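Both of the next two complexes hold chain A, though its partner changes from chain B to chain C.
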Partner chain A sequence: MDNSRLSTVLAIPRRPWFWAFAASAIAYFATLSLTEGRGGGELLSAALTFASFSAIVGLGQMFVITLGPGNVDLSIPATMTLAGTLSLKFMDGAAALILPGLALALAVGIGAGIFNYLLIRLLRIPPIIATLSASFLYQSLAIWWNRGLRIKPPEALADFSTGSLAGLPNLTIIGVLIALMSWVVLERSLFGRWVSAFGQNTRAARLSGIPVETVRAVTYIASAVLASFTGYLLASFSGGAALNMGTEYLLISIAVVVIGGCSIAGGNSNVPGIWGGALLMFLVVSMLNSYGFGAGVRLIMTGAIIIAIVAAASGKGRSA
Partner chain B sequence: MNGKYRILLPVLSLTVLLAAVFYLQPRAMSYFGLNLLFNLAVPIALATIAQMMIIMVNDIDLSVGTFVSFVACVTATFLNDAPLIGVAILLASILAYAAIGALIHIRQLPAIVVTLGMSFVWGGLAVLLLPSPGGAAPAWIRTVMTVKPPLVPMAVVACILIAGLTHLLIMRSSTGTLLRAVGGNAQAVARSGWSVTKLKAGAYALAGVFGVLAGVCLVGLTTSADANIALRYTLLSIAGVILGGGEFTGGRVSPVGAVLGALTLALAGSFLSFMRLSPDWQIGAQGAILILVLAVRLIFSRRGRKWKGAENG
Partner chain C sequence: MNTKAKLLGAAALVAVTLPGHAVADTADKRIALSNNYAGNSWRQAMLESWAKVGDKAVEDGVVAAADAFTTSENQATEQAAQIQNMILQGYDAIVVNAASPTALNGAIKEACDAGITVVSFDGIVTEPCAWRIAVDFKEMGRQQVEYLAGRLPDGGNLLEIRGLAGVFVDDEIHAGIEEGVAEFPKFKIVGSVHGDWAQDVAQKAVAGVLPSLPEISGVVTQGGDGYGAAQAIKAAGRDMPIIVMGNRQDEMKWWAEARDENGYETLSLSIAPGVGTLALWVAQQVLDGAEVPKDLTVPFLKVTQDTLDETLAATPEGSVANVEYSQEDAKSVIAAAK
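Up next, the complex of A and B:
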């Protein structure tokens, strides 16, 4: 009994998500050591808030990347922007329209996901290029719809997105709930097994009767819906939608997936790691910030850390 | 899709687009007009070739854009003020590319992530060099980029040269065949006694060389640089390779196609400005052109690839 518990503990460092959380903790305490422990609560709450945006888009990207080589959703930033601008313009600050606005944002996600999938399926465009070209269209649509106006979110929605419940930011609660749901879907449901099977060997999956095209369609739609939901939340959180609000989430969504320990070769996903990676991305930047490094050094260190973690975490024998 | 058909699509799409531009703006059909249309295509073509080297060995490079920006910053500062140091930095950055290629192969790392990390590194270095836009292009690069050969404008000559030289290097030389074989079946290459690590490092070094050329040419055209000058090259270069008939796996690439793909993308921008399209829709229309061209690809590749395409996407 004790022996098995000990081996469970010893197995933790071998979990792919371990490194992301360990590095996050190091970055957190390195930042606090500068202030001798003051502001620890604020830093944690900021990290949890901002990491939830990266985590939610990261989960969507994870589903897509699990499908295997070549599957990446590059339209996440544009979908976020489009959903954010459209829903905020629709609500126009009216509290009564908060839920219809959310529905509109999610509808944008569903539409974008279906469009991405149709490009991949009907025109057989490689997913990277398909989602990239589609993102140009979404971006244009957002520009045309919004004309650079910054419309404030309804007050109740803004309060909700910046508020917290029992010390936990509301956004974090949402992010963790979505992560839990994704974990259940991936690890405990038939659909999750299908996604993994698709990523491990598509041909074998098809021959064993898995509806591979349905799996792929649902995955791309899920990614776009999570992106549009994040766009809705982010626009409400930051007091209005901006046309470049999604830009940084392109690299972050991919980085979070990989730092979290998912196999980029597909067929192997890892939900806790997404949160670990999301926390790490924020904490590293705030650590470098508080040590007074300029933008240049900050970028270099972020890159070096991504490479170091991937080199440390992904042992040999992975077929990329 | 065999070699003959692979080149048809980029040729066709470029011809159609060029015809459309000439129809909308007949004055473009001149020495000066062609130069204007294709000038900025030269660095894009070079960056696309750099991306092609990486895609050739089954990897993908997300750092091309920031790398070209970094090179542009080095060119506009060190290469201008202290040429020797500038050359040393550029050589070191090519070595860094080779080292990344070796690292990716030895540790079996996913290239998409390592190059993503490198894109932060190059971007950071560029910001350190040029926190605000500025610098100056070395005079000799200006001269090279603005030279006026008889009959055909410089940009066209340069693109033909790039396409021809890389075609000889990749499609005709034994080294090129080996490099493509790494993308086709790395295990078979290793079994027959070659060092895949060295070959991959070589492919990455070549990408570094063409990235450097792209950055230097870009500064020769713009005369100054900034840290974000070429960020969009990452996506443009990937699109250019695919538009040129390349594929993400199997070492199936075409240098001539890649250059044509880059020209098509560059021309799409000019075409849209001639159309007097509302600026709101400029980006979207570029996406639409990309989708349209790739949809035509379906006609060329329909036969025999039914299963392959669905499997690998």
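Up next, the complex of A and C:
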């Protein structure tokens, strides 16, 4: 056994994303201990499916948060709802319109991202306020467009979003592919370096010739596009868009970034942690539900677990 | 006396004797709807019913205005400010679907003190000066278990899907379900999750808890969550239990399809979004000087195997089964409460 491989293995617990995966595994086995191991495959497949939604919106949020203090996209739920509502109404159950529907959803994302950025750039509104107020606009547009009626997705699209390939849910495959692309962008591309530099010190980044405004614009657009794509998938998966379909993804998108070991102050993010956090958010709730805890206890424990993991991850990160 | 005068006299006589006589007294009255939330299909149907019945009432000259206002953030503080604005705008009656049963009491009291009639419905308020049109949510929970007891005499395991934690309606329906289980002890609640009255949330929560549960013979719900539960159970490859539905069109459609395929039978019950129009008429009756008890009960809307096709056909795609109330309905609800 050569030394470098050993030290790689030993270094794993010091990775910022390690704790999210470790805690997910604990929650998984704690749930299964109730049934003496029955339903393990079922739970894993459910976790992989539902974590995909959180992971995709979480990746978008991660890029935004990497830009540094004050940067966060609060319009994710409304963008999801708007994209889901518009595209499902447009497709109206017709299989031939699946791809144009997807294009429409992505166009909604691009539009929302540009609008968010323009509010921040031209009106100099802080991102938190800009994306929050924009989200009222998107939500109202979604209400006005279809009055909350649930239109069914085309049969083929519904089958695809609930189906799986070689045992892996299709959504998971998509989620992992997007994560891989994000990893390449963040860790291996010039753009990723720019995003991190922006988050570490915007002024220094600008002085060193980085087109900071382009970086910020692309990041907000990417976040909105990932949100709109998730809205399209979620609406197809759950049998129709609903006006409140994005609500829980506001907290989740931020939580997975924090749990995943990214710096909330920006400048330092990692992609695997997003998937770890997404799995954890699903498995913790499933575990607490399975143990029969009430909503109050569940919320308290979810909060406590998030704090514990963030504390553990940041403690290890500092020593590394 | 010429013919014209005779005709006028006859018309006047008819106007006096018609039940619509009361109408004239509220013709100059303005009614406002204070609504705390609009972000789901039930609330959208509620607002639509209000607009339809309210516009008709204005057109017919029964009332001068029936305006609807919705707060954006579903916050009691925001709604209290909204009610204070309505007082300043000089509305004669405020119909309110409240964000909280207690937090608006101050604003409601101010309205009453300004001589404004306040009628609360669905999300009712505890302030004594206001009228309350309540649904017996507890009974809605209890009847689900009663129905299951009729279908499954040997009892069995139940999965409970609750609504939004911390909301009054969720606690009431849950209490009713517990009551039902106490009444029919052969049933046991083996799992309980919060579906937040949303299909996608319910689907996710049920998918997470299902692997650790034994066989389920019934699912008790709160509405807006039955379809999501069915999707999750289907994805897990389990036998389909009896899922009590909540009148949403997608739930009823799924039910009808399952019935055609394998004879699936269940029950669906929920509160009709048109209850807002009942509140409108009750407010009009109070303004008209009718004696109206402070606490009124509105029956919930039930869909059975026999009425499924009819209700499904009458419900717009993606919406929720609805009933709009008339002035006559309001009068009979008032008479029943006396």
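Here is the rule we use: the second predicted complex is superposed on the first by the 314 of 320 C-alpha atoms of A that agree within 3 Å, B and C clash if a C-alpha of one lies under 4 Å from a C-alpha of the other, contacts with A are read in each partner's own complex, and residues count from 1 in each chain.
Everything that follows uses one rule, which is that contacts are C-beta pairs under 8 Å (C-beta built on N, C-alpha and C of every residue); 3 or more make two chains touch, one makes a residue touch a chain.
These figures come from a predicted structure and were not determined experimentally.
Annotation for the three-chain superposition on chain A: chain B and chain C clash. When the two complexes are overlaid on their common chain A, residue A:248 makes contact with chain C while staying clear of chain B. In the superposed model, A:152 lies in contact with chain C only, and not with chain B.
Taking chain A as the reference chain, the count of touched residues is higher for B when chain B and chain C are set side by side.
Legend: residue contacts after superposition of the two complexes on their common chain; A:143 is shown touching both chain B and chain C. Contacts of A:123 after superposition on the shared chain: chain B is touched, whereas chain C is not. In the superposed pair of complexes, A:286 makes contact with chain C only, with no contact to chain B. When the two structures are aligned on the shared chain, A:39 is found in touch with chain C, with no touch to chain B.
In the superposition on chain A, A:22 contacts neither chain B nor chain C. Of the two partner chains placed by superposition, chain B and chain C are both touched by A:299. Once the two complexes are overlaid on the shared chain, A:176 sits clear of chain B and of chain C alike.
When the two complexes are superposed on chain A, the residues of chain A that touch both chain B and chain C are 136, 139, 143, 147, 295-296, 299. Residues of chain A that touch chain C in their complex: 31-32, 34-35, 38-40, 42-43, 46-47, 49-50, 136, 139, 143, 146-152, 162, 234, 237-240, 242-245, 247-248, 282-283, 285-286, 289-290, 292, 295-296, 299. Within the complex formed with chain A, the chain C residues making contact are 38-41, 43-45, 48, 72, 162, 165-166, 191-194, 196, 198-201, 203-205, 207-213, 227-228, 231-232, 235-236, 248-250, 316-319. Across the complex, chain B is touched by residues 68-72, 74, 119-120, 123-130, 132-137, 139-141, 143-144, 147, 202-203, 251, 254-255, 258, 263-265, 294-307, 310-311, 314, 316-320 of chain A. The part of chain B that touches chain A in the complex is made up of residues 60, 62, 103, 107-114, 116-128, 131, 235, 238-239, 242, 247-249, 278, 280-288, 290-291, 294-295, 297-298, 301, 309-313.
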